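Listed next: structures, encoded as C-alpha cells.
Paired with chain B in one complex and with chain C in the other, chain A is shared by the two complexes that follow.
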Partner chain A sequence: MLRFFLRRAMESLITIIVIVSVVFLVLNLSGDPIRMMASPTASAEEVAELRAAFGFDKPLVLRYGDFLAQISRLRFGDSISTRQPALRMVLQRLPATLLLAFTALAIATILGIPLGMLAAVRRGKAADTAAVLVSMMGQAMPVFWIALLLIFVFGVMIPILPPSGYGTFAHLVLPSISIAIFLLAGIVRVTRASMLEVLQQPFVTVVRSKGLEERIVLFKHALRNASIPVLTQLTLQMRFVIGGSVVVESVFGWPGVGQLLAQAAYGRDYPVVIAATFFIALFILAFSMMLDLAYGLVDPRVRIWH
Partner chain B sequence: MALIDTKPTAAPKRRRYFATLLRHPLALAAHAVLALAVATAVLASVYPADPLKQNLMSSLMPPSLKVDSLPGSQAALPAFMGTDALGRDLMARILLAIRISLAVSSLAVFIATAVGVFLGLVAGYVGGVLDSVIMRIVDALLSLPFVVLAIAVVAAIGPGLVNVALVLGLTGWVTFAKLVRGEVLRIKQYSFIEAAHATGCSGKRILFRHILPQTVGIILVNATLTMGQMIISEATLSFLGLGVPPPTPSLGGILSDAQQTFFAAWWIVVFPGLVLMAIILAINIAGDFLRDYFDPAEEGAL
Partner chain C sequence: MSDAAKKPLLEVRNLRTVIDTAHGTFPAVDEVSFVLERGAVLGVVGESGSGKSMLALSLLRLLPGKGRIESGEALLDGRNLRALSEREMRGVRGRRIGMIFQEPLTSFDPLYTIGDQIAESVRKHLGLKPRQAREKAVELLSTVGIPRPDLACDEYPFQFSGGMRQRAMIAMALAPDPELLIADEPTTALDVTIQAQILELLAKLQRERGIAVLFISHNLGVIAEIADEVMVMYGGQVMERSEVVRLFDAPAHPYTQSLLEARPALDRAPSRLRAIPGQVPSLESRPAGCPFHPRCGRAMDICSRARPSRSFLGSGQEVACWLQGAGNAFQTHARASGAGGES
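The block that comes next holds the complex of A and B.
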C-alpha cells in the first residue's frame, strides 16, 4: 500500500511538473509577457525595471530553473492585478470550488447510477430510450447554456432560487445542478453499458434461479460487479466537473478557483493563472488516487494493498 | 477478369457508406443537420439583414413573423429570432456565428490532427526516450480539464479569432497522439511491415505509406468527435470573453451578452443555445455512426 502510494505520488509529481512547464513555456515563448504587463505608455526604463523585478532579464533556461525552484516551495509570486500573493488568492477560493464540485458529483452519482440501472433493466423499453436520449442531450448542451436556462426558469420565471451569489444553501442549488446535468449524461451511459454486460453473465442467472429477490440481484450482485467502469468514469468526470465549474462559477458569480482562473486569464495575471492551474491539477490527481484505492473496496480482485 | 480484386475502387466504398447510412435514420438525420449547418456557414452572408448594424429603435424586439418587424432594414424582412439589446437582428448574427464557429473549430481540428497524428506516429514508431517524453506530456495534459488548459494558453497568447483556433488546436492534439501511437504499436507487429523492411523501404516510407493509411479510420472518428468538443470549447472561451472578440458574433459571445438582458429577452438565451445543441448532438451521433462503420465488431449506440 505504501509502495503504491509512493509510486502514484511520484507519477503525480512528474505530471504536475510537466503541466507547469508547459504553461511556463507557452507563457514565455508566446511573446514578451512584460510588454503585455506594462501599460502601453510605460517608458523603456519602467519596462526594464519591471523586467528585472520579475526576473525576465535572464535567459530562458535560467528562468525555467528559477521558476521550478520557486514553484517547488509553493512560491507563485504576487498577483499582477491585486498585488496579493497568488497562492493565498487561490487557497482562499479553493473551499468554494470543492463544495461546488463534490455537491455536483454527488447529485450526478445519486441520480445517475439508478437511472442507468433502470435503463439497463428495461432495455429497449420507453425508460431506456428516454435515458439514452436524455444522456445524449445532456452531453450536447454546453454547461453555461444549462446554467443560463436554469437561471431563466428558476431565477426569473419562477423566482424561487437566487440567480447568483454565494453563502447559503439556496445559492448552491442552481450551480451544482448545472454541472450535475452534464455529468449525469456520462454516468447514465456508463452505468447502463456496464450493467447490460454484467446482467448477461451466468452468475446473474444463477442467483436469479435460486430465487433471490430481483432487488437484491440488482443492487447486491449486479451493481457491485458493474461498478468498476462507473468508478473509472468518475475519475474522468472530475475533470469535467472542474472544467464545468470554471464556466459555472463565472455565470453564477461563485467565488471559486474557476472564476479566479477565468478572470486572471482575462487580465493576463500569470502568477494567478499558474497557481490556479497548479492547484486544479493537484486536486484532480489526488482525487483519482483516492478512487484507485476505492476500486479495492468494491472489488477485492483489483485491491492494490495487502 | 482478375481472380483477386486487390484494389477495390472508391465508388462502391462510398456507396456502401450511404447504404449503411440509409439504414440508420438517426445518423441520417444527424448528417442532414450537419449538411444544413455547413450550408448555413457558407451562405451566411447571403441573408439580407446586417448582423452588425445597430439600431436602438428596434432594441430587444421579440421574434416575429410580421414583415415590417425589423425597422431600418433595407430588406423587408421579419425578425424571425428577434433582436438583441443593440437592435441587431439575432437571426443574422446567429447565421454568421455558425460560420465563425465552424471555421474556428475546423481549423482547430486540423491543427490538432496534424500535430497529434505526427507526434503519435513518431512516438509509436521510434519508441525509446522520445516515446516516453511525448507520452508523459500527453498523459499530463490529459489529466487537466481541456477548458482549464485552453484558458491557461489564452492567458499567454491573448484572445482573437485565429488565436482561439491555435489555442484549441495546440491543446487538442493529445487524444490524437495517444490513439495513433497505440495503433502504430499494433500495426508495427504485422508481417507486412516486416516485408516492407525486407524490401528496403525507408522508415519514413513505412511510417507514412504503410502505417498511416491503416489509421485513417480511427483518426477520422476522433476528428469528428473532437470537432464537437472544439465547438463547445470555442463557445465556452467566447462566453468567458477569452475567445472571438466582439463585435464579431459568436454563439458563446451572444449568450454572454444575453446575461445582461435576461429579464427582458428570452430569445437571446434560447436560440443560440438550441443551435449549439443541434450541431453538437448531430456531430456526436455522426461520430458514433462513423465509429461503428469503421469498426463493426464494437457494438455501439446504433
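The block that comes next holds the complex of A and C.
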C-alpha cells in the first residue's frame, strides 16, 4: 500500500511538471505579455527595462530552467497586473473554490447514490423512469446554461437567492447546485447501471439464500460492490468540476481560483496563470489519490495486490 | 414438534413454476411432486434446461424476476412454504434449508472475508455475537477440511482455490444447522479429483449430521454415489422416480434408459450426456403430450397427444410413460389455460 502511494506521488509530480511546462510553453509562444503591460507610448528602453525586470530578456531554454527552479520552490513571481505575489493571490482564492467543489460533490453523491440505487431496485417502475430522464437531461445541459437558468428562476423570477456574490450560505446555493446537477446526473446513471449489474450476480442470490434481510443484501453487499464504478466515475468527473467551476465562478462572480484563472488568462497575467494552474493540478491529483485510497478501502483485491 | 416430526421433512405437491418470456408464459417446473424424508438424500438428474435449478429456487422462493410459482405446494414439516410471509421465509432460508450453488467463484461476495460471510448467517439465525460467530466460522471451516482455518477465516474469496471455495460454501450452508440442504450441481464447476473430494465430504457430513439433501446433478455417476433415491427430470416434469439401485438395474422410463446408455463406461469425465439423439427443446418450444416424445425411440401415437400420468410400480418406483399403460391423461394446467404452446 505504501509503495503504491509512493508510486502515485511520483506520477503526480511528473504530471504537474508536464502541465505547468505546457502552460509555460503556450504562454510564451502565444504572445508577448510585456507588450501588453507597457503603455502604448512607452519607449524601447522602457520596454526593455520591464522585460529585464520580469526576466523576459533571456532565451526560452534558460527561462524554462529558471521557471522550473522557481516553481519547485513555489515561487511564481508577481502578478503582472496587480504586482502582488501570484502565489498569495491564488491561495487567497483557494478556499472559495474548495468550498464550491466539495459542496457540489457532496450534494451530487449524497443524492445521486441513493437515487441510482432506488432506480435500480425499482427497475422499470415510475421512480426508475424519472431518474433516467432527469439524469439524461442533467447530462445534456451545458453547465453555463444550467447556471443561467438557475439565476433566472431563483434570482430573478422568484428572487429568493442572491444571483451572485460570495460570503453567506445563500450565496453558495446556486453555484454549487449548477455544478452538482451535472455530477448528479452522471452518478445516478453509473450507480443505477452498476447496481443492476451487481444484483444479477450469483452471490446476491447466495446472500438471500442465507435468509438475510434485503437491507443487508442491498446496503452491505450490493451497494459496496456497485460503488467501485461510481468511484471511477467520480475520478473522471473531477476534471469537469474544475472546468465547470471556471465557468460557474465567472457566471456567479464567485471569487475562486477558476475566476482568477479566467481573468489572468484573458489579461495574459503569466505568473498568475501558472500559479493557478499549478494549484488546480495539485487539487485534481490530491483528489484522485483520495479516490485511490477509497478503492483500497472498498475492494480488498486492490489493497492486497498492490 | 412431535406432530411435525411425523410428517415428512419436505413434501412437494404438483409444484408448477412458470417463467414469463417474450413469447408468453411457460412452465419451467411442471407438476412436480415428491417426498423427502428426514436424513434422506434425493438425487435430481436431468439434462441442462430440465428445470432442476428452477425447482430448487422455487423451494426457497428465490426465483429470478421473471419466474413465479403458479400452483402446487411445498410443505416443510407440513407447513406450506408458499403461504409464509417474506419475513417468515427468511427464517426458513439458511436456517432450515441451506443451499449450495454450482459456481464457487461467483457465489461469494468478493469484498468480504470468507469468515464474515459465514458469520453473517450464524449471527442472524443463531443470534451469536460477532466473536462467537467468528469462532463458529473457524470451527466450520475446519470441519470442511480447510487447513489453518483461523487464518483462512480472514481471507477473501479470491485468495481461495476453487475446491477450497466450494468447501467454504458447504461450511456456509451448514453454519446455521439446517435440516435440509439443497446442493445444485455442487461439483460440476470443479475438476475431477476435486469433484470426488467434495462429493466425499458432502456424503460424510450428510451421514454425520443426518441432514436431508436434495442433490441436483446432470451426472448419474455422481448421483449414484450419494443418493438414496433418484428423480429424473425432463422438460420440467418428473419422468421417473426410484430408489437408486433400482433405477440403475431396472430403469422403467425410456428417458432414464437413454440417460444410462449415454453414460460413459467409466464414469469419470463430467459427461454432459450428449449422446441422446435429438436436442432438449427450449422452454418455449416444449412439445405437447409426453415432453420426451420427439426423441423417444418407442413413442406411440398417444405420446404426442396426451401427457402420461404417473404410474406406481411398487417399492416406490414411479414412472410417467404411456408404456406403463396407465389410465387417463394427466390434466395439466397448461392445457387448461392454453399456455405452454400445447394445443
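Note that in this section the second predicted complex is superposed on the first by the 297 of 306 C-alpha atoms of A that agree within 3 Å, B and C clash if a C-alpha of one lies under 4 Å from a C-alpha of the other, contacts with A are read in each partner's own complex, and residues count from 1 in each chain.
Just so we're on the same page, a residue touches a chain if its C-beta (ideal position, glycine included) is under 8 Å from a C-beta of that chain, and two chains touch if they have at least 3 such contacts.
Worth saying up front: this structure is predicted, and the values here are computed from it rather than measured.
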Will chain C clash with chain B on chain A after the two structures are superposed, or do they fit? fit
So, does A:Val206 touch the first partner chain B, the second partner chain C, both, or neither? second
Which partner chains sit in contact with A:Asn225 here, chain B, chain C, both or neither? Use first/second/both/neither. second
Is A:Leu98 contacted by the first partner chain B, the second partner chain C, both or neither? neither
In the three-chain superposition, say which chain, chain B or chain C, touches more residues of chain A. B
Applying the touch criterion given at the start, work out whether A:Leu68 contacts chain B, chain C, both or neither, answering first, second, both or neither. neither
Taking the superposition on A as described, I'd like to know which of chain B and chain C A:Pro142 touches: first, second, both or neither. first
After the superposition on A, what does A:Thr277 contact: first (chain B), second (chain C), both or neither? first
Take the Cα centre of chain A as the vertex and report the angle out to the centres of chain B and chain C, nearest 10 degrees. 90
One more residue to check, A:Ser250. First (chain B), second (chain C), both or neither? first
Touched partner set for A:Val134, first chain B, second chain C, both or neither: neither
Superposition-derived minimum Cα distance between chain C and chain B (Å): 18
Tell me, which parts of chain A touch chain B in their complex? 14-16, 18-19, 22-23, 26-27, 30-31, 33, 36, 132, 136-137, 139-145, 148-149, 151-152, 156, 163, 239-240, 242-243, 246-247, 250-251, 261-262, 264-266, 268-270, 273-274, 277, 280-281, 284-285, 288
With touch defined as at the start, can you tell me which chain B residues reach chain A in the complex? 136-137, 139-141, 143-149, 151-158, 228, 232, 235-236, 239-242, 252, 255, 258-259, 262-263, 266, 269, 273, 276-277, 280-281, 284-285, 301
Chain A residues within the chain C interface of the complex: 201-203, 205-213, 216, 221, 224-225, 298-301, 304
State the interface residues of chain C toward chain A in the complex, per the touch definition above. 57, 60, 62, 90-95, 98-99, 101, 103, 106-113, 120-121, 124-125, 156, 158-159, 172, 176
